[in-house]
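Shared between the two complexes below is chain A, which has chain B as its partner in the first and chain C in the second.
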Partner chain A sequence: MTERAMRLVGNRPPQVQARERVTGEAQYVDDLAIPGLWHGVTLRSPIARGRIVEIEPDPDFDWSRVVLVDARDLPGRNVLPLILDDQPVLAEREIRHPFEPVMLIAAPDRALALEARNRLNLRYEAKPIAVEISDALEARVKVFGEDNVFKQIDIAKGDLEAGFAAATIELERDFWTGPQEQLYMEPQGMIAAWEGDQLVLRGSLQCPYYVQAAARAVFGLEPEQVRVIACELGGGFGGKEEYPSLLAVHAALLARKAGRPVKMVYDRAEDMQATTKRHPSQTRIRAGIDAEGRLTALAVDLVLDGGAYCTLSPVVLSRAVLHAGSAYACPNVAVRGRVVATNTPPNGAFRGFGAPQALFAMETMMDLLARAAGLDPLEMRRRNALRAGDETSTGQVLEQAAAADVLERAAEAADFRARRELYDRPQTGSIRRGIGLSLIMHGCGFTGAGESRLKGRLTLDLDARGEQLLVQVRTGSTDMGQGMRTTFKQLAAEILGLELDEVEVAAQDTALVPDSGPTVASRTLMIVGGLVARAARQALTSLGLEEGAGAEALRLALAGRGRLEIEEVHEPPATLFDEDHYRGQAYPSWGYACTICEVEVDMTTFEPRIVDVVTCQDVGRAIHPGIVEGQIQGGIAQGLGYAAFEEVQMHDGAMVNANFNRYIVPTAMDLPPIRVLLHESGQGAGPFGAKGIGEMPVDGAAPAYVSALAQALRTSFRELPVTPEAIAESFLRPRPGKADA
Partner chain B sequence: MSRGRDEVEVLAPSSLREAVQVLAEVGAEAIPLAGGSDLMVAFRDVSKLPRGFVLDLLGLEPELRGIELVEDEVQIGALTTVDDILHSSLLAAEARPLVEAARCFGSTQIRNRATIGGNVMNGSPAADSLPALLALDARVTLLSSEGPRTVPLYSFYADYRRPVAKPSELLVSIRIARAPANPIESFRKVAARRAQAIAKVILAGRAWDVRAEEEGVRIGEIRLAAGSVGPTPMRLFETERILRSELLGPRLAAEAVAVLRSEITPIDDLRSTAAYRRLVAGRLLEDFLGSLLLQA
Partner chain C sequence: MKVSFRLNGETRSIESAPLDRLLDVLRRDLGLTAAKEGCGEGECGACSVFLDGVLVCSCLVPMAQVRGRSVETLEALTRPGAPLHPLQRLLIETDGSQCGFCSPGMIMAGVDYMRRLARGEVEDDHEARLRAIAGNICRCTGYTKIVEAIDRAIEEAGP
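Presenting the complex of A and B:
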């Protein structure tokens, strides 16, 4: 494949549907006109924990105009199936978090449904609540089991105490991160319709087959009886990984009882209050380094707040513990990770999936260690960066590791050394400056044996029966803006020798496409895109053609049989990773990224301003460099929001700033141009050596930002987000006992 | 706008005379609508939907939109948009703090809709134009069928978002003093991001007749006003008084900052903390006084 010059891979064709999205022609779920459609809304709990006493309908309201659904309307068990099967579809007696769904209401128009909801009086008895990680660990209030721990994972390597004995410097520090809202532009939305005995679900969702599985379990249906169609998607970021399953079941319950299609679309406030967020975290790191500044021992104790139900938290935890050591070689490691239950809405998937929390803690710790050792952050990382042949904390031996490469390239482009030295000199003016960096790695694809269980499938269909050759890629992977449709076309067309518009990507409809596995975990291009490439090559082989054969040759070769359908399945051996002991190959590929951030702080107002961002990311191969750069810039913007702006304010477990003017995300005016350097090592597990790139960019932004801020202000920050209020506080009242400051 | 339950009638007078006539009749049940950038947000809350009439002011634009010199004052019509203010060369010469307020106001879309009259009548303590207007000695003119009256802006707010205007009155214009010779002016808005953000603290100031003397700088006249640090936008009379009382040097500056911090009454809310607001308001004043020392 490498001898032939590439025609399409590496190009930047316009994204499929780009024009429609920009002009507003694209049809999102809320735009669909469906005859006889009713509108559904949700009655939610006003408290974090308690018992439902009664729901009284107002006798003065005409209830014949609406349809009500409660837990008694469920055909079977009141469970939304996921890892632990602990979450009810609708709260029945016990309330475990604020905004928990209790009842559903449908009416011919939304205003009437909302009016009916206002006429329902939910009476309850409140109970004591646990809303912080510390409450959960104390376990006086039991939200889950006896100890509130959903899941614990341990990683052990080497001899920790021997490692600390060999250290000349040892530090122990705590780190905290807050929740973060995915804030996709398009809120959650779903339309359910029962057509005969088939349930049809159209929605804004990342994983059609997850929704299908949930609906099948709740209604006891066969796969063909649940058809799920992913509409044009206005962003996901993980927020539409597991949550749409609940919304789909709600809409389907209403549609079943109303005997007509029902649409549920959340408004922004409801979406922010009720749906999943990034897990808050609390991490203690104890680390030792030797006289050269090399890590000798690393002990990490990380706790994530899972919220009231388990959802995907154990998988998020898994990724968090696997990223706890960042991109560094350390012979002696102990990681303990726990995810605990609190009376807050369940937290769930969000771009980065546990890695950003762990990496913020570790990267900030590396800066503190560097300071203690008298090294600059760059030199500290040079001495510790993982190299080919090194071992990760699970004993995975890396065949390729671009950590040092991305570090050097980014440092050079940002002129890091000189600027760091400049800002180390005394600063007195009303503007203080700092530059900081982070070096991280991100595991691409599902963790451990996940891919072996998923067995993602994809079909390539070549049809020469009509006037024109039809080539169609059928995949359950969705395009939420990350460009799946465009890159899959590029891959198929490149290998088959076609033009882009000669390849079609089928709609993401379970009636048409196979289960390619969920669209998550930076796996779509690397894993499912790999299936596109394999299917295309398989097609050529079975037709006796060479790579890049072209339309004419394909048509001729197909003349006899007319049509060829290739199905590919991704089935890596399950033995590469030992899930019981967390040993072995955690990910098929790791991506590496260095991010450098420069800030200025206005000392009158303590307002920081991000003045420059440079990043170098090992993406393996950029199939579409424009899309890859877009992913990186967007991810860094989201990571900087996490670091400096976005604060989910909670009161008794409920988000109280659930709108765009109180939950502050940066706009283009708050961010500098983000300078992206692509490192194309060509050594990823994906097609043409590509790696997954969806999540990695988010990981390194927060620690780089905080590192820069720490230099500018001659202090350290160990909690996210760092707001101007927090900066002012640290200026007025330096935390006592901060030898590292 | 109505959903069939509480019918709302939209009235669209085409002249000021007609508008005040309407208000004389139905004032208590009528809501004047200018750019709608506050009202449309409020209307999302069903309980705040109008009950009786909405008085659409669009037809009054010919009479109420514009910026002009009237005798010794600059008159700004109530329907003048924030974008008009941003691009006015008259205001650039006479009222720089107000232009600076317009610059950091919302976004292009909001500046195109939002009117100065709406900002004044909505009366948010965080409204961007109000500290600037207070520092420029603004007076507002109200009109009812009984005739006009003029109220200084510093006594216009009885309490949190409660202008003293009566339901029968329309705001027709805002007048500000022309710039004195060699004014030293400042407008600073501190907010969580650089656009589309509600202020955490605002400080606006204008000083003139500022002279360097042997022992320090004498401030002849000074106006200071702050936003987001109390229930209403505030003219800082006490701080002004202290600053006029003696020569400006480090001691007086420190005293003025202390007076300002006790004159304002900030609170903790979802946007910021009282401590931060108090701290930063004082530092903004220090900065402004620093520029007086430099420019005198």
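Presenting the complex of A and C:
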């Protein structure tokens, strides 16, 4: 931490590209004008599992006007490389999920491409399917291996049975969460062009180097032969982490065969049906507490539905099991996590990445335990919150833990205790009220040894050869609305003593920027931002300057050599976390958040209304408080959508409500102002003590909402989402297993 | 068919099929890409424009309906050298635009509300302001900062 008063860190300068965004000048992939561009579409499987018998082209259609691609057009192996290399680029004979891509069609205009797609008749033989987690576990239908388990992870600490023996209250409950659609407002889109032997990919994507790796593997190319450019991004939320690799390869196959650039932009229905979602989950928790209400034993059995291919599911599972105990101290813990295969489209990255599922279960369990112990939810958490010096389930000793701080600050701001008591009194009118809270922690950055493998890189370039000093930050991290460019400029300018407009962030183009690792896992500010700060300090040191030196001093110091390029690499020791036994430091920093939600339910219509949301989040340090608040508000809105509105309706493994009309996300009328308290402990692993904040806000919203609803209706809910229908049903016809009092 | 209409104050005459969507004609044929396609079904508001001064989803408007009428897009709000519309400026100041994909439509909806307010057509209150943008989905912000920007823009405009 610097002693100097900060000029830019903590300010709210206008964001990079903000002007372009509000004038409509910002260039998203579908806004690019590229001459000679053709349009690509995808023929997809109508069934969840089976065998392709034949694809018959309609003889009455003029096929010379379009280009068709199938698996035979692949230059090498038909595999999209990721963790298990199990997903084909295009289905060849076997179909394993609905909407699986089978063929690609390109034409000079989209209407013609769609017309051609309609003239292809896909004949198939359907086979029995497994679409629920329970089907997968029964393993009568084998989607993956013999038992349908992609990955299992176990965590064990202490002596579980001794812990249960010491408990005065023991409860066991099941919890379920459904899929959730990322619903970035800009659908997936990619433009591929072959320029000589170089493939140029422009798209809506979070991770340029993931796309490069996939295209290199499929086409057998060298790194410099695949240039990936991230356009202005219309939202990602994880949905544009791994999926764009598949889309890029599809567009590139069409472009190669058509001999011209090809654009593929999904329409909304296709985007919702075919691309990844948040993993559905099923969790059984058995927990014991002693006479003081303190956890003595915790056993969690969590299963995620990975869908038909593995994609990133093992990593999602890892985060889920590491968050299974939420922000509480417990000496005896056993967590078993499995991710299983079903015949649904692969599930994948979505903000929170396994944590929201685990935390919904654990937080709701804490409310049930509190009720059994006669404690209110706040007191229950006070007694169990992790404190500095405590140990997590993997034995990570916390140097800092702000769980109790954020809990108290949020509770005070929301007047939690008084309102909880008020709503505990008998309610009789047509409007019933409740207030609930959640306390969670979220691991910032890649899990365990992930960062050691990634070795994220960043370059800082100082150039004093021209009239003006040019300072450029070069990073492969992308800006999907989370303000990376603005924040990185603030960091570099703060340390170098420059004005914001004296620093620029290079375009996210693999020809210009190094691989900083993927833009995921709340790691961009904390890890890559840390490299910005390190590079800036390194530049000052090698020029013999003090922090905050300023443009004049930098120019003078650079006069001799003209230019200075600093490359920083993030290489933490791989020994901090033992991946075989899940022991040690799972994350470099944990963030802590308490979220409080107040609801009203109209007892005539069973319509719930969210009337107040207050949250206090430990962000370490807010480099740009406006961006941080926006991340928190937006994340909470997504978490409330997950809890209250967003129901993916599935039939035989396929989403059947794939539009905005029937998949309901919160509108301005559904949400109150979201009140944010920033807790700046200054103790994160990132620059100036910052922590990653991208995902944490999603985690606690759903359990807080459900807790409030449970109080209002004098019941409990253990399944997400809680739709108005579910509320009515629980009230009119309590179902054992899904809701209990 | 030939369609003549006013676009951002100028008369335009273009060749188009009667069922071509106004959104496609703007984006593809006329290079005006501020209006975005978020759903293509009139459910997200990203494609909002004014047709004869009335806010519409341009993804639902066939060109046959545009003949002889007047279309105004977000591009009309930003003339070179002129200051931004207050709502645009405030969306920047409040950090109410994150990924920005909803922003063009959101601004059009907010401007529509402010214009109706100025014409005395709406009873202004908090609910009415929320209703004005309820047809515009934003997945990034949770709306808090967008509503703040609208509140401040209305306050600045005065009674």
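Just so we're on the same page, the second predicted complex is superposed on the first by the 735 of 741 C-alpha atoms of A that agree within 3 Å, B and C clash if a C-alpha of one lies under 4 Å from a C-alpha of the other, contacts with A are read in each partner's own complex, and residues count from 1 in each chain.
The criterion applied here is as follows: a contact is a pair of C-beta atoms (placed from the backbone, for glycine too) under 8 Å apart; a residue touches a chain by one contact, two chains touch by 3 or more.
Here the structure is a predicted model, which is why all the values come from computation and not from measurement.
Partner contacting the larger number of chain A residues, of chain B and chain C: C.
Using the contact criterion defined above for the overlaid structures, shared-chain residue A:667 touches chain B and also reaches chain C. By the touch criterion defined above, A:5 reaches neither chain B nor chain C.
Contact with chain B, but none with chain C, is seen for A:645 once the two complexes are overlaid on the shared chain. When the two complexes are overlaid on their common chain A, residue A:481 makes contact with chain C while staying clear of chain B. With both structures placed on the common chain, the touch criterion links A:656 to chain B but leaves chain C unconnected. Applying the stated contact rule after C-alpha superposition, one finds that A:724 touches chain B and leaves chain C untouched. Look at A:606: by the touch rule set out above, it reaches chain B but stays clear of chain C. The interface of chain A with chain B overlaps its interface with chain C at residues 660-661, 666-667, 669.
Those residues of chain A whose C-beta lies close enough to touch chain C in the complex are 12, 14-15, 17-28, 30-31, 33, 182-187, 232-237, 267-268, 480-483, 626-627, 629-630, 633-638, 659-661, 665-669, 671, 673-674. Within the complex formed with chain B, the residues of chain A that make contact are 111, 114, 430, 604-607, 645, 649, 656-657, 660-662, 664, 666-667, 669-670, 723-725, 728-729, 732.
Within the complex formed with chain A, the residues of chain B that make contact are 3, 46, 188, 190, 192-198, 201, 270-273, 275-276, 279-280, 283-284, 286-287. Residues 27, 31-41, 43-44, 46, 73-75, 77-78, 84, 88-89, 91-104, 107, 127, 130-131, 133-148 of chain C are the ones touching chain A in the complex.
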